[in-house]
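Next up: the structures, one after another.
Shared between the two complexes below is chain A, which pairs with chain B and chain C, respectively.
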Partner chain A sequence: MTTVSNKQDLALMAHLLRRAGFGATPAELDRAMSLGYDAMVDELLNPDHDDNVPFDKIRRWRKDYSDLRGPGGAPGGIWMYRLIMTDTPLREKMCLFWHRLFATGHTKLIQGRPVVRQIDMFRKHGMGSFDNILVELSKDPAMIMWLDNQDNHATNINENYGREILELFSMGVGNYTEDDIKETARAFTGWSIVNPIYNSIKMNNNVMRPFGYLSWQFQYNDDDHDHGEKTILGETGNWNGEDAVRIICKNEATARFLARHLYHFFVADEPPVPAWPMVEPRDPEAIDALVNAYFESGHDVKSMLETIFKSDFFKAESVRYARIKSPAEMVVGTMRLAGSIDPLSNEANQAVDACANMGQSLLRPPSVEGWQGGTDWINTGAYVERVNFAGKILKNTDKSGIRDLINRVKAKSTSSTMSSDEFVDSCLEVLGPLEVTEGTSRGLKDYASKYGDLSWSDEASSTEFDKAAGSILQLIVSGHEYQMA
Partner chain B sequence: MGEKKLVAVQLSGGNDYLNCIIPYDNPLYVDNRQHVRITEDRVLDMGGGLGMNPVMSGIKELYDEGKVAIIHGVGYPDSSRSHFRSMDIWHTAEPTKLGAEGWLGSAINQMYPAKDNVVAAVNFAGLLPRALAAPKAPIASVSDLDTYGLMNHVDNSERDEALLAFKNIYMPAIGSGLVMDYLSQTGLDALKGSGIIQKAREDYKSDVEYSDDNFSKQMRAASAIIQADIGSRILYTQHGTFDSHTNGIALQEGVLANVSTGIRDFYSDIKASNKGDDVIMFVFSEFGRRVKDNGTGTDHGAGGVAFVIGDSVIGGQYGEYPSLEPHKLSIGEDLSFDIDFRSLYTEILEDWLETGAQDIVKGQYEKIGFLRN
Partner chain C sequence: MTTTNFELNYITNVGFSSDQGGRSFQKPGCFAIRKSDGRIFVGSRGPAAGPNVGLQMVSVDHDWFGKMSEIGRGEGQMMEPSGLAFDQEENIYVADESLHRVSVFDRDGEFLMCWGEQGTGPGQFEAPAGLLILDEKLYVVDARNHRIQIFSTSGEFLSEWGSEGSKDGEFSYPWGITSDTNGDVYIADWGNDRIQKFTFEGEHIASYGKSGSGEGQFNRPADIAVATDGKMYVADWGNQRLQVLNKDGSFITLNKGEAVEHNPWLVEYFDAVQDEKKARETFVRYFEVDTDDPHEISARLEPYFWDPCNVLLDDNDRVYVLESVRHRFQVFKIN
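Coming up: the complex of A and B.
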């Protein structure tokens, strides 16, 4: 029997799984409920195994994956496959988080492999200490080439990385000076990749010949490092890159910037990042709590995440459905609802294209500033894509996940029959449960009234029932509520 | 004259300028293109030592009628040989830094600040090209006109009911908060736009029989939208790949033939519906290709050629064909550019779409003068 408190627990758990993952199938939700909220948070935060993605199989059978470039030249297919199939969803969601924050595109690098490797790096280090993440990022070959640090020399600095690590990756505008940028750039001189000239030429010429796409490797050139004294954010010494990161990370502005990004991504939409210096956070106390967690844990990202998921500000009703789903969340969440995909099929590539059609080309951000999210995701073209994509998948009653949803709707009645109103309510319940406005509920029920009482006592009526269920499910995911997480 | 409309035609992959408009009797062309050359007996002669690729008879006819402006040596400083980067530069008009907003998306935002024209720009090019991307610009993206529509996956017998239900779900949500209002308005705009476009498709009549390649399909769709006069000002098409590293001549001629035929058919179609004066086509590619061939094809280069086509265009050639002299080549290997692509944009934006160019191209660029007044 569903009690009131049980129903509230269920809604909260569904909220957690939408935010810390990509939403839940009814079976996943049942399992989470049997674990309990705090235990579920702990499991999400501490994945104890690698998710099982058969790369060798994929590489042998799908040339477009194995080259890590999809049909449109986009290398996102292999990551998309993992996003859909993973059983460690928070770890994968953190990869999306860092990809948004440290947006790097194969557009400039021309090669997909280094960007895919960068995502692998996020998977490995993304829930550890922020200092370590920034050091790994500064050594990441894709990032080095993306922001030209191979051209940052002791004798002649290139400020690109020095600027962005302060502005976009750690502190935000207004918390450092132009001199800090130059001095930070000096600290990162000599942080390059193996054979940068050859790889730059290849990058610019965009040819696979003669040796195909190479695996880029980080290389620190001490000869090319500026060993002079530098002053970064008021601290003077013979600083190298690791020192710059250490100085940046102990700064409160860094903690606040990271806290606001995490809040924006996991709790509720904030305005676009460039507006942050001018606009107060939506919930300043939540930001304070996250800043405290940052310092108390020694800059540990996992501790900040734990603070979020176990806090009242996260559990509050006011932040439920307060984020517009990114295209990746929309696509991955919907695909996961429909059941598993075959690694040898083209479904992951199609999902990458669907994402791109909705405005988020994974591994191909519009600029170094990434995606701002929020209402930026929504325009008419994207909307048609979102509605049609989700509808098409939910309507496919051959998919195992959709069959399961329908069977669960049927299981809500013992008499093999239900009224059309009950039918709509049951469909909403198995989808999340998805809470909808009064207007939506009325619209759905008006539509479903054409079915009258539904039954599934024999094969013919059961087939009709499944078809009706497909229609209602696709209509539900066409609604504005399904756009929100 | 009705509202002016622009049809953008993107040749993706880098169109080989030297084998598109061919300097057939230039000894340096012969020297550099030992393996990937269109010989004089094959070109469609334009006089002055230049000829069009033999598959371009459709465009050549229009050129002879004075409807085609050929813009020689188009490009930008420090040309990038990366497809993505170079196309990005053309899309955002930002050669020196990564731009986020597309030039045509920004134009739509300037032309329709109230964002009330939900079909002001229609994209047929598949993935939304960055040229059309700008914050909150209402762009309709039509992957296939014949199947386009909100809930196109729903069976015909149920679709009208489903769309009505969609509307019934979205209408009451207006007034329930800022974000919900925006979502709901966009949902209703999408519904409206998709209805308008479907109606245009149903009303479309034409005696022109288009080819059935992907490009002609897009041009036919563009024609349907234009003939319906639903307020669409920018139509975006693309074809490819022009990336002719190997099998150079056959590859380029295959896609170029589609483009030429599609443009010729489209022109006849809009002419027959008395919209010839209202439409120009703007044909471009992200770069031209390497002067010297690589044995079977050509690698990425720099300076290229653009075309502007229509009854409102003053036909002819603009600018000089870039020199093939080694010391005049860009980084010693590529055709140089003489006309900055932002000059074309400026003229199209100001004199055709009648909207400000400076904020979009971020500077002042001299117009070329290919449009009739």
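Coming up: the complex of A and C.
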């Protein structure tokens, strides 16, 4: 018997898995419930194995994936395959988080491989110390070329990276001066890549000639580093890039900026980032709690995530279904519900294209400011894309995940029949469980009433049942509730 | 058995990457040498809709003789050429891993016939790969069906052997195939990280190598060529290197690629694109890499093999290694 208590537990667990992952299949939810909430959080925070991605087969038979040069869909496709297939979803979710915050695109770089490698870096370091993440980001070849730090020389500084690391990546507008930007840029002089001149011209001319892609590697050139004294955020010394990061990361503005980004991504939509200096956080106490976690843990991102997922402000019913799913969350979650994909097929590339049509072109953010999220995700065209995509995937009753959903709907009944009302309730339950308004529920049941009582006692009725299930699942995911996380 | 005084000396490289078609290869998947004139046919796979798809015809001296066939699914066209072989009349047989079929062209490039479709039955393929013609029979490595199929040169199915597994005579996604002067057959058993040797009728004779990156070990070997003295030259694809083994499988030497000079196609290109030529003057080919992933190392160091997928020997003691992601082949002299 389903008690009120375990129904609430189930809803909370589903909320966790939507936010810390991409939603859950019924089997994943069953397993999580058997583990318990806190143990599930711990598992999500501590992935103990690498994803099993058959890179050898992919490289052999997907020539578009073999060098990941792009700039077509393949670089995004290799990440999308992992997003759909991973059993360590929070680690991938954090890759999406950092990709949104440290937005780097192969629109300028012309090649997808360095951005894929940047995502690999997020996967490796993304739940560690923020200081380390910023140092790794500063050494990341894609970021160096994206913000022109290969042109940041001791004798002639380029301020791009110095500006963005303060404004967009760590502190936010209003917490530093123009002098801090210049001095930070000086600290990062000499942080470049191997063969900067030749690789820059290959990038600028968009050529694979003569021998295809050359993967970029970080290189620190001490001769090109400004060894003079610098003053960054009030601290003076002969600072290098690591020192600049250390000074930035011990600043409270950095903790607050990161806390608000994490809240925005995992808890509830905040206004667009440019408005943050003028608009108070939605939940100042939650931000305070995350700032404390940041300092008490030595700037550890995992500790901040644990604070979120085990907090009352995260568990509150008021924040459930309060975030609009990003296109990537919507597409990946839907694909995961439908079951595994073939790495040699075009399914991952098609999912990347679907995301792009909804407004989020993975590895190709619109600018260095990334995507703002929230209500920016939804307009008429994007909503139609979402509905069409989810409907197309979930009506395919041949997919293993959809078959499992249908079998679980059938298993809700002790006989081989169920009323149309029970049928709708069961479909909603296996899809999350998905909570919908009374109006939505009534509409679905009115629609399903045309089927009368549904049966699967013989092959013909079972086929009809499957068709009805496909239609109702399609109808459910076209509703606004499915667009919310 | 030990071999002394064996050397592989780099001679040159042939190839060039361009998505514009013309004198270039794109993601080449196979190559073969026509004995009568030494002309080298390179199966260029191109981007999905590119003009490069087909068989580029070149010489070791950097001559370019044009391209045979074109992208498409019709008869005489190809999508992803993955295996090549010549018969006695120098008709050329082409496996296509995307179309799951074998096509045959005459010496002048005229289309003669094709057969095969996707499937698991006799005469059907799942990603056909290496081809070998032996005693007027065509051996087709049927990679994702983990078997070898044998046909008459007119396409009549004769027999098959092999199934998925790791025991003697079983395969895991086999790729390249060749024979020695005795008529024994060698197959690069890709997923099992070994070379298997068979009689021409498919009786297992020996296996060489095991998984690893050490000497005599393999990481997804793609292809093999066997010299008249029995030495085996293996394209060790996952380890990004060529390995040379004695007849008994003992290790002789390895090479990771040495393409440092500008072949004439490059020289002409850089003469026409002065800003790249000037920037190329600053180009450092070798540097200390900060990764131990062979695929990524080869992505950074241009002289190295990057995904060496095919290996050939000619009658002049030269060994050729085709690199699918560097869009070229490198040539070495055996001394």
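Note that the second predicted complex is superposed on the first by the 479 of 485 C-alpha atoms of A that agree within 3 Å, B and C clash if a C-alpha of one lies under 4 Å from a C-alpha of the other, contacts with A are read in each partner's own complex, and residues count from 1 in each chain.
Rule of thumb we're sticking to: a residue touches a chain if its C-beta (ideal position, glycine included) is under 8 Å from a C-beta of that chain, and two chains touch if they have at least 3 such contacts.
Keep in mind it's a predicted model, so treat the numbers as computed, not measured.
Note on chain A: of its two partners chain C and chain B, the one contacting more of its residues is B. By the touch criterion stated above, A:154 is placed in contact with neither chain B nor chain C.
Contacts of A:57 after superposition on the shared chain: chain C is touched, whereas chain B is not.
Residue contacts after overlaying the shared chain place A:316 against neither chain B nor chain C.
By the document's definition of touching, of the two partners only chain B reaches A:471; chain C does not.
In the superposed pair of complexes, A:444 makes contact with chain B only, with no contact to chain C.
Touch criterion met: A:483 reaches chain B, while chain C stays clear of it.
In the superposition on chain A, contact of A:113 is made with chain C only, not with chain B. In the superposition on chain A, contact of A:385 is made with chain B only, not with chain C. Common to the chain B-facing and chain C-facing surfaces of chain A are residues 205, 207. Contacts from chain C toward chain A in the complex involve residues 15-19, 27, 29, 45, 47-48, 80, 97, 127, 173, 175, 190-191, 220, 238, 259, 265-266, 269-270, 273, 275-276, 279-280, 282-284, 287, 289-290, 295-296, 299-300, 302, 306-307, 324-328.
Here chain B touches chain A in the complex through residues 80-85, 88, 98-100, 118, 123, 127-128, 130, 133, 135-141, 143, 149-154, 158, 161-162, 164-166, 168-173, 176, 179-180, 182-184, 186-187, 189-190, 193-194, 245, 299-300, going by the rule given at the top.
Against chain B, in their complex, chain A makes its touches with residues 72-73, 105-108, 110, 203-207, 269, 324, 353, 356-357, 359, 361, 364, 366-369, 374-376, 378-385, 387-388, 391-392, 395, 437-440, 442-444, 446-447, 450, 471, 474-475, 478-480, 483-484.
Only residues 56-57, 59-61, 63-64, 66-67, 113, 194-195, 197-198, 200-202, 205, 207-218 of chain A touch chain C when the two sit together in their complex.
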